[in-house]
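Reading through the structure tokens given below for one structure.
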Amino acid sequence: MSDRKRVTGPEKSVAPLLETGSVPAFIFNPDRRHDGRDVNHLRPVFMKSGVVRQANGSAYLEAGKLKVACAVYGPRQNQRTKISATKGSLGCDFKFSPFSGGRRRSYMKDEQEREYSLVLEQALSPAVRLDLIPKSTVDIFVQVLESDGSAACLAAAITCASLALADAGIEMLDAVAACSAGYFESTVCLDPTGEEEAHEGGSLVLSYMPSLNEVTHVIQSGETSTATTVKALELCVDACSQIHAVMQQSLIANV
Amino acid sequence: MALAGQSQPNAARKILIPGDRIPLVPDAAHQSKEGPLKVRVGPGLQQEQGDLVAVKAGVLKQAGGSKYWMDGSQKRYVPAASDPVLGTVTARQGESFRVDIGSAHPAALSILAFEGATRRNRPNLDVGSLVYCRLSVANKDMEPELECVDPATGKAGGYGELKGGFVVKCSLRMARGYVNACSPWNRRLVLITLNYSLLNPKNPIVTILAESISFELAVGLNGRVWINAKSCAEVIAVAKVIQACDGAAASDINKLINHELRRLEDAMDTS
Amino acid sequence: MAPAAAAAAPTPAGNGTSVSAMAVDGDVAAAASQGFSLDPDTFQKIHPAEFHRRFLSQGVRADGRPLQKFRKAKISLGPVSTANGSAMVRLGDTTIICGVKAEVAEPKPAAPRSGFIVPNLDLPPLCSPNYRPGPPSELAQTVSEYMDQVIKSCDLVNPETLCIEPGHAVWVLYVDIVCLNHGGNVVDAAMIALAAALKHTRLPQATYYETESTVRVTDTFTIPLSVKRTLVPVTFGVFDAAVVIADPTAEEEAHLSTTLTYVLDAENGEAAYGVLKSGGSAVPRDMLVACWDDARKRAVDVVAALAEAEQAGNRRPDVAAV
Amino acid sequence: MSKDVPPSINEKAFLLSALISRQRLDSRSPHDIRTTRILLGPQPGHAEVRLGKTRVTANVSCEIVRPRANAPTEGALLFTTDFSPMASPAFGDGPGGGGGSGGDEILIARVLERALRGSRAVDTEGLCIVAGEKVWQIKVDVRVIDHEGNIVDCACIAAVAALMHFKRPDVTVLGEDVTIHSTSERNPIPLTLHHVPICVTFAFFNQGMLQVVDPNLLEEQCAEGDMTFVVNRHGDVCTLSKAGGVAVEAGQVIHCARIAAAKAEEVTDMIKAALEKAAVKEPKVAIV
Amino acid sequence: MSARIRSDQRKLPSEMRPFYCSSALLSRSDGSVRFKSGDSSVLCSVFGPMEVKIRDEKLDKATVEVVFKAAAGNSTTKERLYERVIRETLEASILTALHPRSAIRITLQVLTDDGGILSTALNAATLALVDAGIALRSLPAGVTCMIDQEGVLLLDPTILELEAARSTHMFVFDNISDGALSNISTGSFSMDEYTSCYDTCFSAVAAVQQLFRSSVEGKVRREHGPEADA
């Protein structure tokens, strides 16, 4: 059934196919990635807090082509049915803009967006002092403007949301920084782009509180050896500390 | 530039539509010596500076020199204090009944607002019972409240549960016509003369009908009329007359009543 | 009784000095004379309409602008490389991003050569506390619809130029406009973004293969859209049915008696493609004409901002990410 | 949302005692349908039907679409039913919603589908333009605008009358090319209806012993059960549905079927009369 | 210029189609009106003041709900825009403060559409509010006009005429204020064309207002009998 609450076009439309052979085959080179980075280098990351005027807290993150905005509203009255008398809750909403990826996204939330909303909540909840805001909720809205690697997008969303929470003055044990890594055989490649992601064997996203040296969330997909995973975790922990530094700077800049 | 749609002076009009302005001409008899003109403005009118402004359609009425109101018709009932109304019990909530009287908000009828009611001696009303009551509280910001007892005497005075019979709906204007050809200011008077066996003797429909059929009537100003008579056929006949006369021209009323009475006689003869 | 002058002349916010005392009405004014004073933030929260009224009566607005001053439109083209065309527009706090994605569809039998342009404004819960997750709000739906009617009725892009193969394949341009920061006057920002993004849109070279009935495209976006005109939306707010203010902020919008939007031609302010005034207080003919005159001046500024954006950097995507 | 307040105990009791003495409150006999008025036009395929105070409009429109793969030569016939919030305060929902009591809306659309599509009343084969490529899709939008009981019968009369009044534009096919002729070029073409199915609903009272045809709102609210027949004037039963409610004897069902057939004939004649009346008013278009 | 004959046999560009209305036709609603302008016909019903959904409840005034339904098909964003314009126009006229925490529900059903459907719907809604006895500050009335490819202004165009429109304009005026309550204009037009559309619609609204008055007077006379004019 067509969407009655939006301006509608034709009933069905598809993304056009590429002419065969018009794109050169992708070859992964651990010494020199296609954007010139090293395997253990992040994309240069830029962050700014306080970008949404009417929100209690907000942040914008840009890393290469990847662009994510986040706003935090609350603590406010919990409108959901499940209310805890002792703890507050985080309501997370992760959305890709329709034009943010290669394929046009639908307006309805898809499986991936639902999953990422959940991961966002799981990764941030341990850091937020929910015990101080019983019966209330803090709503976190993440909007991806341009995506370049879905794991990287998720990591960026967690980092950005954490910065927005700090901007909103929500009490936290520590800021949460997140970082992604991709597996190419035994090589671990930090912060893979969309093109790299299409060819990787698996990926890992780590959410980490650098000052406390505690991990809040890890999610891995694909099969690797334990040693490779450990290597990826180590790389990500280091990268998270770098991200944390950028977060601090942007918070100071906004004071 | 003239305002759109204003071609005739309003002062001469009796039938007004919303937006019509009537300048108040100072009337020597009713102007108090020192202050400005004192006017009481009733339903359908507002006072702006020196003018009366209609907000509803109808006929401009004046009484006692300084009271003005609009006599119009509508179907939806808006509660007004001391109106007699006919309601259906929709729920029982602790110390009160919830009663549908056709207004925006359901009304509350306290279990103590009955003749001789105490906490021990509660009236027993089921959901779906019909009650004839009087509005004790009617305010746009409050839930309407009902009572089935005259607070002055403590007696039911005709109010309370109605058993048997049937209910028809009619326009608010017609309901008021049964009660009295009254202005909104003398509803109090109405209450004294009205209960469901004492009828307004002036109402032509009721008087003509009563010559042929004996029946009981309880009229709610919320546009509901309860009818009871010896036989179903008689109740149906009265109900049909009330519905047929609603909105009909006064000259046709006799004809409508006679038509229904004839039909009733035929039915009686065949059975 | 303390005169209304107890309210100190309002000082535009942002220049550092605080407003000493602002009285609300007789009672509070009396209280103020007894040494009770309200700080401007509290005053704004308690009596927002009166707060704005005080400012406007002094010919200035809460954010320091004169009544007829518009916020500068800051436009950047091509912020989203995954889109065929994109633009970001800032009007004060209001930030809106518009991305155009091209897809392929079968044309309607009645119009076998006509493509589609599908504009939709999204006001996500991110941009303001007034929106909740779920289907689009009434404002989003109605602004989308109005934009659609305007671009169709003024023939902004001839739909036949979107034809790939008559009767079989045409382009559908999904124009999605996302508000990231709601600082008032979303309509202007959204339409400027739409106009800029469509001008910036490039389509790939497309070929229809009849045997497999599919469309295949090159990996570069090279073909510009033939956009016939540049639309400039200009919105005014009317306060207390009498005071006209240009380009209202979100705080002002909540207390306006009506708003008035003109869609003018960027090249020729004499020509318009739309006017929208939905209910509220009546606007007399001379006010409608006077606002149109002011709107023309604004159109010139917006055109300059667009030109600036076009020069500033054509960060045009050249690789189709499929 | 506000629901209809159910009738009072007094009203229910009175209705039943009146029915037992074979009297209906609107002076009908148990097997009378209410006064029916059928208005057609001004545009083809537009009908407004009043059954007593119940009022339903039906609007027929057509569009060229691709046929379903498993029926390449068959046109499409779609029904949508909408309970407008104007029909009853109980049907309310905010702007943009699809009407009131969703379940009933679908139920009525199903009855109409079974009556008109299931019984092959409308010739869908005749709606084919180019086999496998282009067929006519006929859409019937039924809107309930005043609910005083027995929506389903009223909706069925409206849908049938609108379909019989409707005319689609003429088309010429030359190979793959299809030309649609405007009404000023060529006279439009009416749909072919093989027979005229009519819906007749009964309500049961007093443990199923009493039945009335075409119940009004109060009767509907007080009824113990109901049964809907779809029959044509030849007495062919197209659909029979009895969804729950009180059990009735098989003999009752047969009795009702006979009454329904008589009512169907009555209603069919009324539709025919309305069509003839509308045809007189219609301007004749000459073939240029 | 030769005498233009309009698509529906009207002689003049500034001629309106015959319009009329009938009220109180629906049995369930508190007020109802059918407003016809040529072959455009809209039915409007008003319920209220009635119970309001808790999420729409306003503590200081009534909530005005407008539902607009096209003749065929599901409602889309177009109906939503119509709903908003009609609601915002009527909200300014209805004395909503008289009925806090309640709803005034206006439902519009297009019966047949032959152009100018928004203004026809608005006129039906205004009269239905009067029929329902809702207190109103003023009576808003709408008129549609268009400018064709040759620059000729046509008042109250039909669907056929609208297909050839260069611009279309819908204006709403009421009987107390000297200005436009609502205006939707689309297409391509100059300032001069716009102001002449304003002026044409402004004068045309007087005829609609006259119909409002005569229809209300007729209804009141019927109900009151001879005493109405006494």
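To keep things simple, chains are lettered A, B, C, D and E as they appear, and every chain counts its residues starting from 1.
Heads up, the rule we're going with is that a contact is a pair of C-beta atoms (placed from the backbone, for glycine too) under 8 Å apart; a residue touches a chain by one contact, two chains touch by 3 or more.
The UniProt protein names, listed by chain, are B = Ribosomal RNA-processing protein 40; C = Ribosomal RNA-processing protein 43; D = Exosome complex component RRP45; E = Exosome component 5.
Nothing here was measured: the structure is a model prediction, and the numbers come from that model.
Q: Can you list every chain in contact with both chain A and chain D?
A: Chains touching both chain A and chain D: C, E.
Q: Can you list every chain that touches chain B and also touches chain D?
A: Common contact partners of chain B and chain D, which must touch each of the two, are E.
Q: Centre of all protein Cα atoms: which chain's centre is nearest to it?
A: Centre-most chain by C-alpha means: E.
Q: Counting C-beta pairs in contact, which comes out ahead: A-E or B-E?
A: By the number of C-beta pairs in contact, the winner is B-E.
Q: Calculate how many whole Å lie between the centre of chain D and the centre of chain E (Exosome component 5), each centre taken as the average of the chain's C-alpha atoms.
A: Comparing mean C-alpha positions, chain E (Exosome component 5) is 30 Å from chain D.
Q: Could you tell me the distance, in whole angstrom, between the mean C-alpha positions of chain C and chain E (Exosome component 5)?
A: The separation of the two C-alpha centroids amounts to 28 Å.
Q: How many angstrom between the C-alpha centroids of chain C and chain B?
A: One centre to the other, that is 53 Å.
Q: Multi-chain contacts only, two chains or more: what residues does chain D have there?
A: 95-96
Q: Using the touch definition from the top, which residues of chain A touch two or more other chains?
A: 4-8
Q: Mark out which residues of chain C touch at least two other chains, giving numbers and ranges.
A: As it turns out, chain C has residues touching two or more other chains at 138, 141, 144-145, 148.
Q: State the interface residues of chain D toward chain C in the complex, per the touch definition above.
A: Against chain C, the touching part of chain D is residues 64-65, 95, 134, 178, 180.
Q: Give every residue of chain C touching chain A within the complex, in rising order.
A: Its residues touching chain A are 79-83, 86, 93, 95, 97, 99-108, 116-120, 122, 124-129, 133, 135-136, 141, 144-145, 147-148, 172, 174, 176, 178, 180-183, 204, 206-207, 214-219, 250, 320-322.
Q: Considering only the defined contacts, which chain A positions touch chain E (Exosome component 5) in the complex?
A: 2, 4-8
Q: Spell out the part of chain E (Exosome component 5) that touches chain D in their complex, as residue ranges.
A: Residue list for chain E (Exosome component 5) touching chain D: 26-29, 32, 39, 43-45, 47, 50-51, 53, 56, 65-69, 71-75, 79-80, 83, 105, 107, 109, 111-112, 114.
Q: Once bound in the complex, which stretches of chain C touch chain D?
A: By the definition above, chain C touches chain D via 109-110, 138.
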